[in-house]
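Quick one: this structure, given as structure tokens, is what I'll be asking you about.
Naming follows writing order (A, B and C), and every chain is counted from residue 1.
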Amino acid sequence: MCLGIPGIVTEIYEVDGILMSQVDFDGVRQEVCLATTPEAQVGQYVLVHAGFALNLLSDTEANETLKILKDLEAFNRNYYGEQASGE
Amino acid sequence: MEESLSNLQNFSCPMPISHHETVLIGHGSGGTLTHDLIRNLFQKQLGNPILNQGNDAALLKLGQEIPEGMDLVVSTDAHIVSPLFFNGGDIGRLSICGTVNDVAMLGALPKFLTATFIMEEGFPLTDLERIVSSMAEAAKEAGVQIIAADTKVTEKGKSDKIFISTTGIGWRKKDLQISGQNAKPGDLVILSGSIGNHGIAVAEARGNLGFKSEIKSDVAPLNGMIAELLKNFPEVHVLRDPTRGGLATSLVEITCQSQLGIILEENAIPVDQDVRSACDLLGLDPLYMANEGKLILILPQEFAKAALSCLQNHPYGINAAIIGRVEEKPAGQLLLKTPLGTSRHLDMLAGEMLPRIC
Amino acid sequence: MANKLNPESVRQTKALMDEIRRITTKPWNIMEICGGQTHSIMEYGLDQLLPEQINLIHGPGCPVCVTSLELVERALQIAAQPGVIFTSFGDMLRVPGSTGDLFSARAQGADVRVVYSPMDALKLAQANPQNQVVFFAVGFETTVPAIAASILHAQKLGLDNFSILPANVLVPPAMHAILQSPDNRVNAFLAAGHVCAIMGYHEYEPIAQKYRTPMAITGFDPADLALGILLCVRQLEEGRAEVENGYPRYVSHEGNKTAQAMMAKVFKAVDRQWRGIGLIPKSGLGLRDEFQAFDASIRFDIELAQLQESELCIAGQVLRGLSKPSQCPAFGTICTPSNPLGAPMVSGEGACAATYRYHKVN
């Protein structure tokens, strides 16, 4: 149900009239159906589950996560504080 | 033109095995076909002075083939892996390395193997040749000889292509104490390299999982590396190869045998990135996947670093790492410490590992 | 799983846990309804990093665990039919029915095969026109688009030897059922990130409002989970009851419209039995009339004998978070991962199996 893994689309093609793709997961390649995410482009990250792409990785939204984190006081203190004093 | 079986008994010159494309019932019936197969394939590829004698059994003389004053070590294994051929190896290589490693894990020098072949009628002879050739190569690398062999052929459908069983004989010094019971508190646990490669390579070769990778089985004979290790570090307490059930199952077994606890550092366990991805994709856990060219080494802390270097200097131990330590408590339990500092308990593999969807 | 935590992730997780500890002033019960999240929490021992007042309750998020006994038995009966190739996700194979499980059915000669995708089952149907290929359609909303797409494709190809045994379940009705129950103890929910990647989270806002129960859309990595828990605790401490998105990299408010359209075309909401819980209205998906031909429960009209659950199994209470697995008298003794009495002991992230595996020391 939840086991979704992100991978990068390397090739898009059709098989028997259904949109398929090759997706690369750090050296492992799998054929993934894009019927549920027809807007996916080569080079984009998709979330894959049961041989299908669930959704595209949202770059802008990924930054949203960091924004939420930045809101948090202690997070600022611990995380950015460490970073400043660390490397 | 194909002669009928009844005419074969009258032929005086040997039938070249390439005349037939597949294994026939006649190949297992002990007659000319069998002899031809033995001579033209098995003896040709695996031949050695003992095997070539062609007697019912092999004679090993104490003081000659077997040195005096040693303890004998014997192990046996059956191989039914499907598919037969996978990236990095095949059932033939597996049958040699598996048994060689089992004998070597007791600290013994494996020298002689027996091999039995049960084949299904219709099994392609080219596949058989490929497998036997692979066995010859593995045996040569391991420095072992196959001194007795047997072949049987079942009717089509009564077996599955080919099953191979091998028994290994080796010997070791008389006062060697290497066993699962032998771990001591304070010992360190070393793993000779990355885990999960074999399991994934075989899963991929099945072809029904729709994924491709460059992941290769790690199947390899480890007796050379072990001999080198024991030469320099006689203080080794435990050697184990994490085959079926994986690293976790082997370590749980050792905790039960020794009645001690083992704590692993999750971050220290080597897993190749593509193996991790494949496991994520398939819902499998590398800790429980079979490995055919790795060993677990448990020895006193003061020798660990040097032993690690010794392994890392060997081609089969390049990625060796210290992965944990042995403690008094919790007795009989295996714990894994995550990079977050939390711990979890690892159990033996229960039943077959089923890929999860969640 | 051998570690995939990078130092960055470890740092974030610890920082988030620190913040949770800083702001928690009261005891709170937070439930996740997602097998993957349960598995992650156990795998990384995240409950060990939380302050004592935060109690994580593992809800009925393992679709394998909640598939009804009746459906499991029906699967067994269909698999036993001659000429049937019965396909299923791997973790369904050891779920016990009344007469055994799919694993033992295979041992007795049934052609049962593990697949990773409903497309694999469809390809099997194409490759074996003389066999009937049946796919056990288990899973939450995350899996449904794949199944819907496969059915649409099968229809397009004119396949007459492919069908599914509908067993999919939906999360929002389960939330309603839990929150409506008189013995409900849940204060907040971690909403399943990948379910929401498909469905969006607009369905959860009315639930949060109606029951004054805050929610956080949550991912699966330790940092994602810590963030989800923090968002819930923050809302609880501040007295808010909203839905906050802690997984924006894959989840938007509206979700994946293409996937939703496919699901709506092929499926409709139906009443469904949740094993151990009972009937939850409109909590499952069945095939619409135009696609009834692909319904294996119709294609194979089988009468089921008397169904019997183990009397000792308290799966229902465990799945609703009313009992901990360790409180079950059979836990770890008669009922173990090798000999499961009920579904939560079978699947790796069923609460019972996860507890057995990961917490045996405690």
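By definition in this document, a contact is a pair of C-beta atoms (placed from the backbone, for glycine too) under 8 Å apart; a residue touches a chain by one contact, two chains touch by 3 or more.
Fair warning: this is a prediction, and the values are worked out from it, not measured in the lab.
Of all chains shown, C has the CA centroid lying nearest to the centroid of every protein CA atom. Farthest from chain C, judged by the mean position of CA atoms in each chain, is B. Averaging Cα coordinates per chain places chain B and chain C 38 Å apart. Note: centroid distance chain A to chain C, computed from Cα atoms, is 22 Å. Among the residues of chain B, those in touch with two or more other chains are 210, 276, 280, 283, 356-358.
Shared contact sites, meaning residues of chain C that touch two or more other chains, fall at 14, 34-36, 61-63, 89, 116-117, 120, 139, 143. For chain A, the set of residues touching two or more other chains reads 1-3, 50-51. Those residues of chain A whose C-beta lies close enough to touch chain C in the complex are 1-4, 16-18, 33, 35-39, 47, 49-52, 54-55, 57-58, 61-62, 64-65, 68-69, 72-75, 78-79, 82. In the complex of the two chains, the chain C residues touching chain A come out as 11-12, 14-16, 18-19, 22, 34-37, 61-63, 89, 116-120, 139-140, 142-143, 145-146, 149, 152-153, 156-157, 192-195, 197-198, 220, 227, 230-231, 245-252, 255-256, 258-259, 262. Note for the complex: chain C touches chain B at residues 1-5, 7, 10, 13-14, 34-36, 38-39, 42-46, 48-49, 61-64, 89-91, 93-94, 103, 113-117, 120, 138-139, 143, 222, 336-338, 347-349, 356-361. Listed in rising order, the residues of chain B touching chain A in the complex are 210-215, 273-274, 276-278, 280-281, 283, 356-358. Of all residues in chain A, those touching chain B in their complex are 1-3, 5, 25-31, 48, 50-51.
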